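Note that chain A is present in both complexes that follow, paired respectively with chain B and with chain C.
And then the complex of A and B:
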């Protein structure tokens, strides 16, 4: 039932002519009020959305059809020229691969860890608020700080992680130089920031699951893991679907981590995600072309293709999570 | 599953909404400092912003300027090298946010002299009278392509030398006096041979050189023609000097003489303090940088001659974007900051070497030494380097070409490609630069 505006008091029967005339119009106004007001209330969002969301989106599409650089005053219409160049650019596909790879490496373990942590916290514990705030702290930290610190941890010569690895006889790993190692390093930074956030969302969903289900399961002899698998996960599935979609979108747009990782490790190639473009993501690819080479037409074309990719991947993930998580229904 | 489609559609739309941020790239907020100045009294209070990359050593000069111009307050805006220039391009294009005075490095200057309409012509402020002071090629770099407008006055030139760690050379069993060291490497081939000897000297934790990138840049700068010919065509593929520099730089990597630290990255900065590398190519401005990074290393660094002859690496101009509200005051400040006596002062403080040839024979500059570099006669070293400089034509996309080649050197250094594979990819990348 949607909320309705409270009805107006009816006009008194003894009202004069003038008032009766208004009384005739009043049902119309009333209907308009009831039907129209909700739209008026949400209009500010959509107006802002049109100005800062829809318009840039459409304008980007327009720019993408041009040879358009920042410092030149002439823009030539070249149709789909930018797109055909883009699809032939192996660096673009390399960036697509890196984005998907980092996306999977960061999102899958992150969400699994988040469910597990939420499951552990979803029981009477001392200092609950403290624990929950602690979980959210990494998310509050500035991404720059996180990347700078982690880049030092992953440092080749004086990094803490290589130092620990050396105890086990491992040689020093040049994290930023390798494709796989750099993806792992960047994924760890993303997980550090976002695991706690997802944990809290899961925790909130879990607390809405009826206790009786767990009690019945306990009586039936189901252990904690079975309860998590058979009760908790199916019951919070809508939340899982939500986090999967949001995390997918986030992972597809990773920019700051690879950019700063390239800048703070000595591997070189800051804009290109390493000299071999080993960790250049799609967003960084767009940044390279748009904001260092100032080829706006080309960068806009890449943005649009990336947009389509994000919608596709998020859609696939939606279908996948929706079907595979099993259900109580 | 009848309900799937509408809900799926909704989710697609929701996804679309959430991803819109992609298209809405952020612009830079405008700088409105100029608007705040009050318009009362005869000497109007003026606040001038000056956009720099790194420390130009100007702070004492602002104080001095204030004595004669009490109404002028100067505010520095310092950002990183690449960020500074990229932001400047954005700010000029969007016509908002540029500082009153902007420094531009030579690697980018031709990008800007190709679009002179966005800057004040400094001739309007009578500054063409300064031409006689300057090295001719330095002056010409600040002039627009068609020769009509003067966009910037030069600050410094980056004559080349080679800085080295005396203590590490001694440990490796090499001579450590600056004249003997200079004698070790008249050519780059001999420099590499010295590197091999250094490597066998068994100095733990120290490589011979930081990375091949800056060495490569120096070698190209020593050539008469660089990445561009006079008509602004990129000639990387056909210029034998570039290929030779490429081959020599890669020999450094392949003989494992490099510390694999990209210039200006934080680990590279740490490398100065830790002694991760024993030599580094040293344009005059680098001396100030070393001194800043390796504070505890007084007396350990010294300066020798550069292999392969004279060349220029870096150096800047001060320009006057049209957006500023106080063009006249800013032009006066530019004239002040680039005056011969102030360039001499900045050199003594910060190491950036003047672009004013009259100073090169000035006894005060000639006899200038610095304790940090073991009392090396840096005034004489860089004067000689600057006198021998031959100008090189720079093209509009120097920075992009350098990125493409730098990445190639990095791939060889990290062992991902052979030099030939990397060169082939460099040529493809450079070919795409429009």
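And then the complex of A and C:
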């Protein structure tokens, strides 16, 4: 900072003093400054959002109504042609099923585990900071790193997970090959990366719950689990709703995990999510059509349908969480 | 109290187990990265690091342009972080402390944009980049990410709490312009939160994968793009992939080890109020 600024209100504001000596500004300029500068300060965000967020979004709708590829210069308007082709494509429905399956497998256990862990952490414990840092460590790791690491762990022949399972007499599982097993493997990767993050968010919400509620419950003889169910969860419901929505939106767009899992397990299908499309998600389906076939019109149509799905599923989850998480009784 | 001590021990045990599962995959990746591919076929698998790490890292640099990738990633993540810190503080100041028409609606819109699935617009965004000839260039990564809704919201939250209104009023009385207030009063107060935001932004920009994969070429990659090239070879060279992963993750682990406490504080403060 070029000038020393006052750190607390009590200190004399020395820096602004210097401005006064520069002379009195005209009232018009002053009015312009006060009325106008707030808009100038928020303008960068809104300009960038319009150029790189809103415009592409709206343009997707326009492109989706055309026969539009990278290679051809002419674009033909075909109305809902892309959409009707899409709805007849069984690979599209396969991708929809995979997205929902991986989405449920990765988010439901993850958020429940996160609530429980936050509940455990929400008490005076030693080494709080250390525990929290360890919990967040996976979230610092990139998606690429996570999938590379876990593809090795989930390896069919020499993977550590199959080795541990063999202690219990299980034969070696070809994780990437099956529909269910590949969904489990991908969900584990997502869970590993995000559980700690959601734990911290729940923990922050739990710390705002008044202590007296727990003290009263303890006097009434309620054990830890009852307190979690009857006090904590109802009290942090807004946060739960928030995380459910955010996780749903994230889960509906899963792409990097299946893409890289297909690549690193060498099963042949990088773009298709395995040779039998057993773990191709919607986002990966869009990627396949948009960026390997460069069929922009068709991929845009798929994007819009995915968007509708996201809104639908997020809406359903919103209503469901708001109702079922229960109120204080 | 006595009744609690068994439960307490169970709590510690559970949390330690969770900590183990969080850290172990990273540790094991270093174990694999420091050995030969042949060691992977051993039963039981090796659980301690071997002596081959630096030789494997050297192979990484021979296989893909990894030095260039590291440089590109530092450039991209660094510029995005600096720009986001500055522009978010600016917008956060306006939303938290200045009066203007339509403020609440605009703030609500800002928060609302966080809910828009980013991948929806990726095809036109790519077409746009082709049109302005930014494909293959770092501009395509930096410019769209200069400021984001989360940053604006995060700084708005912080400044409305931490910046005393009297301080601004005193500055006004002394004839400070709005920009003067921002420069001399707001920035110093905002510094701790902006630093946390900068770290969070740096980490997510460093880890960004999909958009760089789409818009860059393997010849001029970021770290994540180079890693995915390494990992998707025809022959499964896990050792090579994991050695690259270790080097590519190291900068973030260092940042996190030094500033972990602040970063966690930032996540916990920023995310809840939504």
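Following the convention adopted for this analysis, the second predicted complex is superposed on the first by the 284 of 329 C-alpha atoms of A that agree within 3 Å, B and C clash if a C-alpha of one lies under 4 Å from a C-alpha of the other, contacts with A are read in each partner's own complex, and residues count from 1 in each chain.
Throughout what follows, a contact is a pair of C-beta atoms (placed from the backbone, for glycine too) under 8 Å apart; a residue touches a chain by one contact, two chains touch by 3 or more.
Please read all numbers here as calculations on a predicted model, not as lab measurements.
When both complexes are overlaid on chain A, the residue A:86 reaches neither chain B nor chain C. In the superposition on chain A, contact is made by A:57 with both chain B and chain C. When the two structures are aligned on the shared chain, A:245 is found in touch with chain B and with chain C.
In the overlay built on the shared chain, the residue A:132 is in contact with chain C alone; chain B does not reach it. Counting residues of chain A touched by each partner, chain B versus chain C, the larger count belongs to C. Look at A:318: by the touch rule set out above, it reaches chain B but stays clear of chain C. Touched by chain B in one complex and by chain C in the other are residues 49, 52-53, 56-57, 59-60, 70, 148, 151-152, 155, 157-158, 245, 249, 252-253, 263-266, 270, 283, 286, 290-291, 300, 303-304, 306-307, 310, 314 of chain A. Of all the residues in chain A, the ones that touch chain C in their complex are 1, 3, 5-9, 13, 15-17, 19-20, 24-25, 33-35, 37-39, 41-42, 44-46, 48-49, 51-53, 55-57, 59-60, 63, 70, 117, 120-121, 123, 125, 129, 131-138, 140-153, 155, 157-158, 160, 163, 192, 196-197, 200-201, 203-205, 208, 224, 239, 242, 245, 249, 252-253, 255-256, 260, 263-266, 270, 283, 286, 290-291, 296, 299-300, 303-304, 306-307, 310, 314. Taken in their complex, chain C has these residues touching chain A: 7, 11-12, 14-15, 18-19, 21-23, 25-26, 28-29, 32, 40-45, 87-88, 90-91, 93-95, 98-100, 103, 106, 110, 113, 115-128, 130, 143-144, 146-149, 152, 164, 166-167, 170-171, 174-182, 184-185, 187-189, 203, 206-207, 209-210, 214, 223-224, 227-228, 231-232, 234-236, 238, 241-242, 245, 248-249, 252-253, 256, 260-261, 263-264, 267-269, 271-272, 274. In the complex of the two chains, the chain A residues touching chain B come out as 49, 52-54, 56-57, 59-60, 70-71, 148, 151-152, 155-158, 174, 177, 245-246, 249, 252-253, 263-272, 274-277, 283, 286, 290-295, 300, 303-304, 306-307, 310-311, 314-315, 318-319. If you check the complex, the residues on chain B that touch chain A are 8, 11-12, 14-25, 82, 86, 89-90, 92-93, 111, 114-115, 211, 213, 260-262, 265-268, 270-271, 274, 276, 399-400, 403, 406-411, 413-414, 416-417, 434.
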